[in-house]
Amino acid sequence: MKRKILGLLLSAALVATMAAGCGNGGSSVGTDSATSAPSSTEAVTLEFTQWWEPELAEGALRGIMDEFEAENAGIKVKLISGPYASTKQQVVAGAAAGTMSDVVGLDGAWVSDFVKQGAIANLTEIMKKNNYEDSQLASQIKLNNATYMIPVVNYVYPVFINKDLMDKAGITKVPVTRTEFREAAKKLTNTKNNVYGWILPLSLEAPNGIQNDVMSWAWASGVSMLKDGKPDLTNAEVKSAIEFVKSVYDDGSVAPGSFTMAEQDKVEEFTNGRVGMMVDSLAHIKTIRKSNPNLNFVVTALPAKDGYTGKRGMPYASWGIGIAENSRHQDESWKLVSFLMSEKINSKLSTTANAFPGNVSSKPDFTGTDPLFATAFDIYKAGYPANEFVGLPVAEQLMRSFDEQFQLLLDNKQNIDDTLKKAQAEWEKNF
Amino acid sequence: MITNSSIANKSKKSTLQSAKKKLSPYVYLSPTIILMTVLMLIPIVMVILYSFKDNVIMNKNPVFAGIKHYVDIIKDGTFHQAIYNTLYFTVMSVIFHFVLGLSFAMLLNTKVLKPATKSLFRVIYVLPWVFTATIIAILWRLMLNPNGIINYMLTTANIVSNKIEWLSSTQFALHALTYINIWSGYPFFMISLLAGLQGIPAELYEAATIDGANTVQSFRYVTVAKLKPIIVSMAMLDFIWTVQQFPLVWMTTGGGPIHATEMLSTYTYKLAFSSYNFSQASASAVIVLILSMCMALFYVKNQKAGD
Amino acid sequence: MSSKPFKQIITKVLIVIALLIGAVYAGFPVLWMVVCSFKPNPEIFAYPPSFISETFSFDAYKAIFMDSAKVRFFINSYLVSLLVTVLTLFVGILAAYGISRYEFKLKKPLNMLIINVQAVPPITLLIPYFSLIVALRLYNTYFALIFTYMVFTLPYAIIMMTGYFNTLPKELDESVLVNGGNSFISLWKVLVPISIPGIVSTGIYTFMQAWNEYLFALTLTKTNEMRTVPIGIQLLMGQHSYEWNQMMAMSILGCLPVLILFLFLQRYFIAGMTAGAIKS
């Protein structure tokens, strides 16, 4: 009998907890959701989903939000931070279910897809409505003549060179042309000492190596992989850039493990002094210094094809920002965006993020930071930011399908013309 | 005939009882049925519907597309490779999960060691199982890196002369990945078999010995025979789960190099979250569902034969 | 005459050797994880790799304990996994009893359903599932995770418990019925106590599933107050760099309590002996 009562009690308790759980769930969604009805008398709480908070020093982003809240009474910001790798997936799911945050951090490669899904709002209209002077923005990511994303800060990708290895290999001059780069990579490579000239991450999980480490060779020589907004991979200039990368690979100057290597692995290899040169984000200067204070390295612009004298494109990645299409607080959201883009705050954010500002008049504060940032800023100013994947439809898939073809080429399974032809065909399907 | 007449002879009271008896299984199963219907059947039906429409999620008003997505997928060469890889990966994993699981379970069931020693070994043996796939992927990536500990030990011991790109060469990647999955999954078999082994009465072995059975025979006719229901269930479940293994594959190789480790799960994922083609991804999921269902049918049939 | 003890010694030595080899196979990668958790990040990639770090430090562990958000991940993981385990076992035992002890029309289709729902790749269910959870107003709650994990753990629990109950003679529960009890009593009073070994191993499995699940935990929650350890680990994988040592430390800290739990519950496997004795 006792057992029976116990059993009944237990079941009752379970039912009760389930019911309570559902009740809880209901109420918390009611208050958190971006789609809940706004109330003019109460404070507005904006949700801001991004992957930046864990990337920055602890409390840095929250501090900026606190400043915003102090300036804008009645608006509170709730930061929702996720891992970078899954932010995109979360936005897709959130937009499909109507639970997307009001303000979202964006990567240029995602914009076109989110616009197609109707997830992010037309910022041109919002700017017009709020009489915003958009000439202060360094760049805007547009689709069909409307802005959907604003780069808040930018990370450029110069070439990092290990100075000690360079001296040891008897290289006196930093490579400026492709030929010089290839020669340097050859000289730096010393398989006995486990040292390689270059490193090329081609992971298919995160295929942005195609953007930063491969296609960047074309952009650095002022070449475009597009023609009238359509893929143009088979042009002679793209071919020569790809041929160049292949030749360095065939020389045996590239560190092993390329085909599944990710950006993070690349940096660890360089930090440990096993790689002479890499194309990499400036964001890593701090990481490298922290990990290996003794590493003697320099940064330089990406080498161009021999004899090229024009401006050099420099690949970059942005922390972009956008506003949810279904947000009930678009005007308040815009206040937050324009706050982040304001001269003072943007300088501050770019300084803590070790990045370059998205506001034209902002200047990162180089005092007390690594002198290499100042060098890189000069390189940046001398060239132009180039990332043709930004705003393309299914940009990540484009990189991935190119990556697959490119791996076949490096593995000597197909020749260069077939590689580009097939990649071109794959890409055309998406335009 | 006999049952018919016996039912006819039953009193009112027993009819009530039999009605109650008829209802009771449903009462016992009702929480499961409710949960499964709401949280599993509905989404599955939605996925099936998606697979026949064009451009779901991305387009607010998708149109009917018929079996177009199925045709596209079945014609895709990458899909064929994914099926081959998935089968290799799954079959090898299940076989070795079983072999290792049973071997370790039998070793751990030995009577020659002290219980405390066995406890310690049991904890060590269960280790691979207590980590999330994310960390298993990260850990093995570190270890199998060209400059990782595995290559270091192999080259130092002169077993290989050059560092091997375990995960980045088309030649090794699939095997390396399968090895990782075997490592991370056998404890599941081991634990269940260990519980099963301890449920086999010692008298059965004694009887077998008296009947003149040798070690191999008593293994075959007592151990394996007694464990067979567990083994079949495990193998079937393991098969279904391994077919779907996603995080481990994605975070170690991303399906690469080229398509060397492309699985049905990574193939489907890329369609959904890289190409944003949710309809085609759904079609691919339905194909996986059908494949797994064949396995489940086989299992149910087998189970019936076992009874 | 002395050959018998000699043979026993040989057997013992062989078993110990085999166990040691197996332990290296199973344990070495975990040992490496432990080694890495005590290294500063750059040293994890040093070549030749070192076993005992020159700069051995607890920094990674400190960083986790000092961060209240990370501690919260652990609390969430325990709460969710424990509730999932208890609920799955409860609901699963009921269902298994129904299947094992009764013959009914829908038995076969239900059985098929229970097995087949596992056959759908979770990744593709993500979007419809997500919409459903939002519609049920469960988004970003513990119950979103608990119910979801139950859907994934229940089939296994039912299959295992049904198998276990099938091995127990029907006379056991019939004796209760004869004495005037009902089937519910016979289940909880008779069958469940002797099924403890089966229940424990099913429970451990359920706990592990819930503990390690990543995909749904990430999608169905959005604030740090609701997130679990696997997401905490992923949060250490930044866009530009990974906190390798912290990831290792976090996963070791996460597994320790589970291992202690396992160590403690092992004796219930031994209890399987008793169950076997009852059977024969």
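By letter and in written order, the chains are A, B and C; residue numbering begins at 1 in each of them.
Basically, a contact is a pair of C-beta atoms (placed from the backbone, for glycine too) under 8 Å apart; a residue touches a chain by one contact, two chains touch by 3 or more.
Protein identities per chain, from UniProt: A = ABC-type sugar transport system, periplasmic component; B = ABC transporter, permease protein; C = ABC-type sugar transport system, permease component.
In this text, all values refer to a predicted model and were calculated from it rather than measured experimentally.
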| item | value |
| --- | --- |
| Pair exhibiting more inter-chain C-beta contacts, A-B or B-C | B-C |
| Relative to subunit B, chain with the most remote C-alpha centre | A |
| Gap in Å, rounded to a whole number, between the CA centres of subunit B and subunit A | 36 |
| Where subunit B and subunit C are represented by their mean Cα positions, the distance between them in whole Å | 15 |
| Residues of subunit B touching at least two other chains | 57, 145, 147 |
| Junction residues of subunit A - those touching two or more other chains | 89, 92, 96, 194, 269, 272, 274 |
| Multi-partner residues of subunit C (at least 2 other chains) | 44-45, 47, 126-127, 136, 234, 237, 242 |
| Contacting residues of subunit C [partner subunit B, same complex] | 8, 11-12, 15-16, 18-19, 22-23, 25-27, 29-30, 32-33, 36, 44-45, 47-49, 91-92, 94-95, 97-99, 101-102, 104, 106-108, 110-129, 132, 136, 147-148, 150-151, 154, 156, 158-160, 163, 166-167, 183, 197-198, 200-201, 204-205, 208, 211-215, 229-230, 233-234, 237, 242, 244, 247-248, 251, 254-255, 258-259, 262-263, 266, 269-270, 272-273, 275-277, 279-280 |
| In the complex, subunit B residues that touch subunit A | 57-58, 60, 141, 145-147, 163, 165, 167-170, 173, 250-259, 270, 273-276 |
| Subunit C-touching residues of subunit A, taken from the complex the two chains share | 3-4, 7, 10-11, 14, 18, 21-22, 24-26, 28-30, 32-33, 49, 51, 54-55, 78, 80-86, 89-90, 92-93, 96-99, 155, 194, 263-264, 267-269, 271-272, 274, 281, 283-284, 287, 291-292 |
| Touching residues on subunit C, where the partner in the complex is subunit A | 40-42, 44-47, 87, 90, 126-127, 130-131, 134-144, 146, 184-185, 188-189, 218-219, 222-224, 231, 234-242 |
| Of subunit B, residues touching subunit C in the complex | 21-22, 24-29, 31-33, 35-36, 38-44, 46-47, 50, 57, 103-104, 107-108, 110, 112-113, 115, 119, 121-135, 138-140, 142-143, 145, 147-149, 152, 156, 183, 187-188, 191-192, 194-195, 198-201, 203-204, 229-230, 233, 236-237, 240-241, 243-244, 246-247, 264-265, 268-269, 272, 278, 281-282, 284-285, 288-289, 291-293, 295-297, 299-300 |
